[in-house]
Amino acid sequence: MHNTEIRIRGYHLDLFGHVNNARYLEFLEEARWAIFDDKLNLEDLARGGFAFTVVNININYRHPAFLHDTLCIESRLSKVGSRSAVIRQTVINKKSAVPIADADVTFVMLDAKSQKAALLEGRLKETLLQTIGPESSLETG
Amino acid sequence: MHNTEIRIRGYHLDLFGHVNNARYLEFLEEARWAIFDDKLNLEDLARGGFAFTVVNININYRHPAFLHDTLCIESRLSKVGSRSAVIRQTVINKKSAVPIADADVTFVMLDAKSQKAALLEGRLKETLLQTIGPESSLETG
Amino acid sequence: MHNTEIRIRGYHLDLFGHVNNARYLEFLEEARWAIFDDKLNLEDLARGGFAFTVVNININYRHPAFLHDTLCIESRLSKVGSRSAVIRQTVINKKSAVPIADADVTFVMLDAKSQKAALLEGRLKETLLQTIGPESSLETG
Amino acid sequence: MHNTEIRIRGYHLDLFGHVNNARYLEFLEEARWAIFDDKLNLEDLARGGFAFTVVNININYRHPAFLHDTLCIESRLSKVGSRSAVIRQTVINKKSAVPIADADVTFVMLDAKSQKAALLEGRLKETLLQTIGPESSLETG
């Protein structure tokens, strides 16, 4: 599990004073990069010929966020399949704990040679689990 | 059904020469605004106290898009439920017809007074169908 | 001289209903890319070992732009120096002709080998003039 | 004087692995908001009928920034004129101290009633100086 905080600025907001849909994906990406900053093993693997590639994002927008709000983004590996895995990211308002958004981000480790999703087994799977898992709630399917 | 074209520029691309995940949501939003430009009824309704509010986006990233590619975005109302509806948006490479991304965008018409999702019936439902439907494939659930 | 039109969408706007400062630089970049789309010689040169590199942007924000405004961006080469040149870009409201913003964008043609600004002479200068000039008002300094 | 740090992520970078021109303006704006976060007097004034409004940005791009670089942004009030003032913002690479970009951001305090730039005198001027000044190098013109 990993936590990132983001403070809402004027340039994050749209016409209605809300954070724009697209901007949330940048916040989620910021949180994922922060994980790789802290625990670099995944990136090492990337250098070994695997590219972290997002194939699906399913995001719920729960409540709007406003100027000066501080958002907390919690990220954890929620599922490891045979060739894809899911990071669950939850965004809440730090002060009020109101849920702002939550997303399941499905990714594969693209094998640079074959241009196909690599099998998530052995050292690759271990590294994923060490980096953003394991979680007691982890499903392995 | 509605079509929008977007040409990929240098500033759309990330480090790997691909269009960034968050930028695709801006492309999809551009396509949705273009619908409202052409067929203004929905916006009239918004002025009448209803706010078009996205509550979920489920997007698949199929193939990367590159510099100078022209993307075609097709948008159509794919489902009208009792209080929410879905716009299906499909992004393909104009030249090669390679699928780039597709998304289901679920929205509600937020009633400004009650701050709840309005019932999609009567004139509200008709306007939605006139603006981005009807489609032969339309499911009503 | 080259003209590009951009229509203001909700996601372009900030909290105050204005187009954000940073977003204008994307609009200006869009207009510059559109030049290269129409007249490809400059890009050919880029392939020949020269990279179009912006070294300064001096932008005046004159009046705000609002939702649904259509902006016209006029771009022209305004000065060709020995190692740098300037594109002047003017943004006006299409309907009212109100000036929105104007910018001088100074660029060099970076020589990939030496990593220094190339002399703008001979074929390089000709190509620049053919692509976004010549203008009667062109200063050569 | 005020310092902000920003870490370069993949989504900040363009095709050439460089931070895009427009993104730098977001970094500068982030740094300016951080000032208002720490020292809120300016915002109080804004509530009193004055809107902080940027009228010109003159930015030099010195050297490219790359993935994982940490940038330091130093912001200080460099000039207070009768109706406008200038914040000088300098971006350097934290590790190498290589200059990345520097900008003069000229702003006015727009009077909400008259829609004109307010005179920067009395309490308004004091608040500006207290918030992001005074600097020994401050010019008053």
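Letters A, B, C and D mark the chains in the order given here, with residues in each chain numbered from 1 onward.
Everything below uses one rule, namely that contacts are C-beta pairs under 8 Å (C-beta built on N, C-alpha and C of every residue); 3 or more make two chains touch, one makes a residue touch a chain.
Please read these numbers as outputs of a predicted model, since none were measured by experiment.
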Work out which chains are contact partners of both chain B and chain C.
A, D
Count the C-beta contact pairs for A-B and for B-D, then tell me which is higher.
A-B
Taking each chain's centre as the mean position of its Cα atoms, how many Å separate chain B from chain D?
36
The distance between the C-alpha centres of chain A and chain D, rounded to whole Å, is 31
Mind checking the centre-to-centre distance between chain A and chain B? Centres are C-alpha means, answer in whole Å.
24
Residues in chain C with touches to at least two other chains are numbered 10-11, 16, 20-22, 26, 29
Residues of chain A touching chain B in the complex
16, 20-23, 25-26, 29, 51, 53-61
In their complex, what parts of chain C are in touch with chain B?
7, 9-11, 26, 29-30, 33, 37, 68
For chain B, which residues count as touching chain D in their complex?
10-11, 13-17, 20-22, 67
